[in-house]
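The same chain A turns up in both complexes below, where it pairs with chain B and then with chain C.
And then the complex of A and B:
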C-alpha cells in the first residue's frame, strides 16, 4: 500500500512540474488545482463516509462503526483545512487577496464550522455510548446539509472561482494531460484517505484496549 | 382549552397540549425570547441614534435577532425533560416521531410569534417598509419552520451534553447557515421590491423538506 502511494505521489509530482502545460489565463497557477481539487473532493468524501458509518452505528450499535465515523470526520476536517488553505493561496495569487467571501469560500467556512462543532459535541458528552449516538445523529444531519453548501449554493451566485470540474453544463473541458494528472492526484488522495483512516482506526482500537486493561470495569469495543 | 385536548386520543395532540400547558405554567421560554428580542432591537436602535439603515442591513439584523432568540429559548423543550427525567416516560408512552413532531410544532409556533414581534419592533424602530408582502411572509414562514426543525433535533442532542446552552448555539449555527444566507437574501429582495429569485425559494423549500425527512428518520434512534 505504501509503495503504491509513494509511486503515485512521485508520478503526480513529476507530471505537475515537468509535463503540465500552463493554462490559458492562469499560467502555471493551474498547478495548485492539482492539489486543491483532490483535497476538496476527499474532504466531501470523508464527510459522506462519516455519515455512512454513523448510520451503520445507529442501526447495529457496534462501537467499531462509531470509531470509523469519527475517524472519517477527522480526516475530512483535515482535508477541508488543506482545501481552504490551498484555495486561499490561489485566491491571493489570482485575485489579489487571500479572502474575499467568494461563494465557495463562504461555503467552505461553514463546512469547517460544521465539523468543528462535531468535535465540540464529542468532547462535551461524557458517557461513551451517548457520545457515539449523539455524534452519529449529528454527523448524519451535517452530511445532509453538505450538498446544499458544496453543490447548490455556490452555483446560484456569481463566483470568481474557476468553473468546477463537473460544471453546470455537465461537460469537462480540460486539457487531456491535465485531466490525466488530476485523475492521478484524485486517486492518490482517495487512497491516502482510506490508508490513513485504517491506521487511525487501528490506533484508536489499540488505545481503547489499553484503557480497558487499565480499568477492567469499563465496557470494551465489541467487534 | 387544554382540557379539550386532553380528551383527544391522538398522542401528538396530547403531547402538544402538554407542551403548551407546561409552557403556560412557568412561561419561561416565552419571557426569555421576548426579553431577548426587545433588548437587542432597542439596543441597536439606541446605538444607531435614528440613522437610517439600508435594506440589506435591516434584513440581516432581523434574522440575526430571530436566530439568537431561537437559540435562547428553543433548547428548553428537551433540557427540561432531561432535568426532570421525564423523557423516558414520554418514550414509553408513544413513538419518538410523535414526541419530536409535537416539540417541532411547539417551537415553530413560539418562533413564529417571536418573528412577528421582531418584525413589529423593526417597523416601530427602523421604519421597515415591506414592498413584496407575499415573498416576505413566505420567507419568514419557511425560514422559521426550518429553524424550528433543526433546533429541535439539535436540542435533543445538546440535552445530553455538559454546558448545554453554549453547545446548542455552536451546533445549530453551521447547520442553519445555508438557510440563513438564503433567507436574508430573499428578505432583502422583498424589502427592496426586487422580484424574487425562484431558485432560492426552491432551495429553501428543498432544505426544509430535507431536514424534516432526516429528522424523522434519525429520531428513531435517539
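And then the complex of A and C:
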C-alpha cells in the first residue's frame, strides 16, 4: 500500500512540475488546483463515509462502526481545513484576496464549524454508548448539509470561484493532460484517506484494549 | 418502527429546508451601488466593466478610474489607488471592495473573476 502511495505521489508531483502546461488565464497557478480539488473531494468523501458508518452503527450497535465513523469525520475535517487553506492561497493569487466572504468561503466556514461541533460533542459526552449514539445521529445530520453547502448553494449564487469541474452544462473545460494528472491526484488522496483511516482505526482499537486491561471492570468492547 | 423512521426523515427534511432558506438569504456579501451608498462600512460591489463610452478605464497618475456596471444595471465610477490586477481586462466580472464617498466609489481592493478553463494557454 505504502509503495503504491509513494509511487503515485512521485508521479503526480513529477507531472505537476514538469508536464503540466500553463493554463489559459491562470498560467502556472493552475498547479494549486491539483492539490485543491482532490483535497476538497476527499473531505466530502470523509463526511459521507462517516455518515455511512454512523448509520451502520445505529442499526447494528457495533462499537467498531462508531470508531470508523469518528475516524472518517476527523479525517474529513482535516482535509476540509486543507481545502480551505489551499483555497485561500489560490484565491489570493487568482482573485486578489485571501478571504472576502465569497459564498464558497462562507459555506465552507459553516461546514468547518459543523464538524468542529461534532468533535466537541464527542469530547463532551463521557458515557461510551451514549457518545456513540449521539454522535452517530449528529454525523448523519451534518452529512445531510454537505450537498447543499458544497454542491448546490455555490452554484446558485454569484461567486468568484470558477464554475466547478463539472458545471451546469455538463461540459468539462479541461485539458487532457490536466485531467489525467488531476485523476492521479484524486486517486492518491482517496487511497491516502482509506490508508490513514485504517491506521487510525487500528490505533484506536489498540488504545481501547489497553484501557480495558488497565481497568478490567469496565464494560468490554464489543468488536 | 416505521413511525420513527418517517419521523426521522421528516425531521431531516425540515432541518434541511430551514438551513437552505436561511443560509442562502445571508450567504452573499455582494451588494449593488445603491445599497453601497446607504451603508457606512466597507462593502463589496460586483459588476462588469462598462466598455461602451469613452472613459471605460483611465488612469489619473495616482490610480485608476473604472466605470463599473452593477447587478442592477447602474454604472458608477470606481476610483482605485493602486495597481490593478493583471486579469482586469480578461475578467468575466469584477468585485470592488470599499465604500461610497461623494460621487464615486473608493475601492480599497479590486478582485477579479477570471474564466478558468484548465485549458492550455496558447500564446498568440
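Some points to look at:
Everything that follows uses one rule, which is that the second predicted complex is superposed on the first by the 223 of 223 C-alpha atoms of A that agree within 3 Å, B and C clash if a C-alpha of one lies under 4 Å from a C-alpha of the other, contacts with A are read in each partner's own complex, and residues count from 1 in each chain.
Convention: a residue touches a chain if its C-beta (ideal position, glycine included) is under 8 Å from a C-beta of that chain, and two chains touch if they have at least 3 such contacts.
Please read these numbers as outputs of a predicted model, since none were measured by experiment.
Look at chain A after the overlay: chain B and chain C clash there. In the superposed model, A:101 makes contact with chain C only, not with chain B.
With both structures placed on the common chain, the touch criterion links A:201 to neither chain B nor chain C. Taking chain A as the reference, the larger set of touched residues comes from C, when chain B and chain C are compared.
In the superposed model, A:142 lies in contact with chain B only, and not with chain C.
In the superposition on chain A, A:110 contacts both chain B and chain C.
In the superposition on chain A, A:5 makes contact with neither chain B nor chain C.
When the shared chain is aligned, no partner comes close enough to touch A:81: not chain B, not chain C. In the superposition on chain A, A:130 makes contact with chain B only, while chain C stays out of contact range.
In the superposed pair of complexes, A:153 makes contact with chain B and with chain C alike. Touch criterion met: A:33 reaches chain C, while chain B stays clear of it.
The intersection of chain A residues touching chain B with those touching chain C, taken from the two complexes, comprises 106, 110, 140-141, 144-145, 148-149, 152-153, 156.
Here chain A touches chain B in the complex through residues 58-59, 106, 110-111, 113-114, 116-117, 120-121, 124-127, 130, 133-134, 136-138, 140-142, 144-145, 148-149, 152-153, 156, going by the rule given at the top. Every residue of chain B that touches chain A in the complex is listed here, in rising order: 150, 153-154, 157-158, 160-163, 167, 170-171, 173-175, 177-178, 181-182, 197, 199-200, 203, 206-207, 210-211, 214-215, 218, 220-222. Listed in rising order, the residues of chain C touching chain A in the complex are 12, 15-16, 19-20, 23-24, 27-30, 44, 46, 71, 85, 87, 90, 93, 95, 97, 109-122. Listing the residues of chain A that touch chain C in their complex gives 21-27, 30, 33, 94-97, 100-103, 106-107, 110, 140-141, 144-145, 148-149, 152-153, 156-158, 160, 162-163, 173-175, 177-178.
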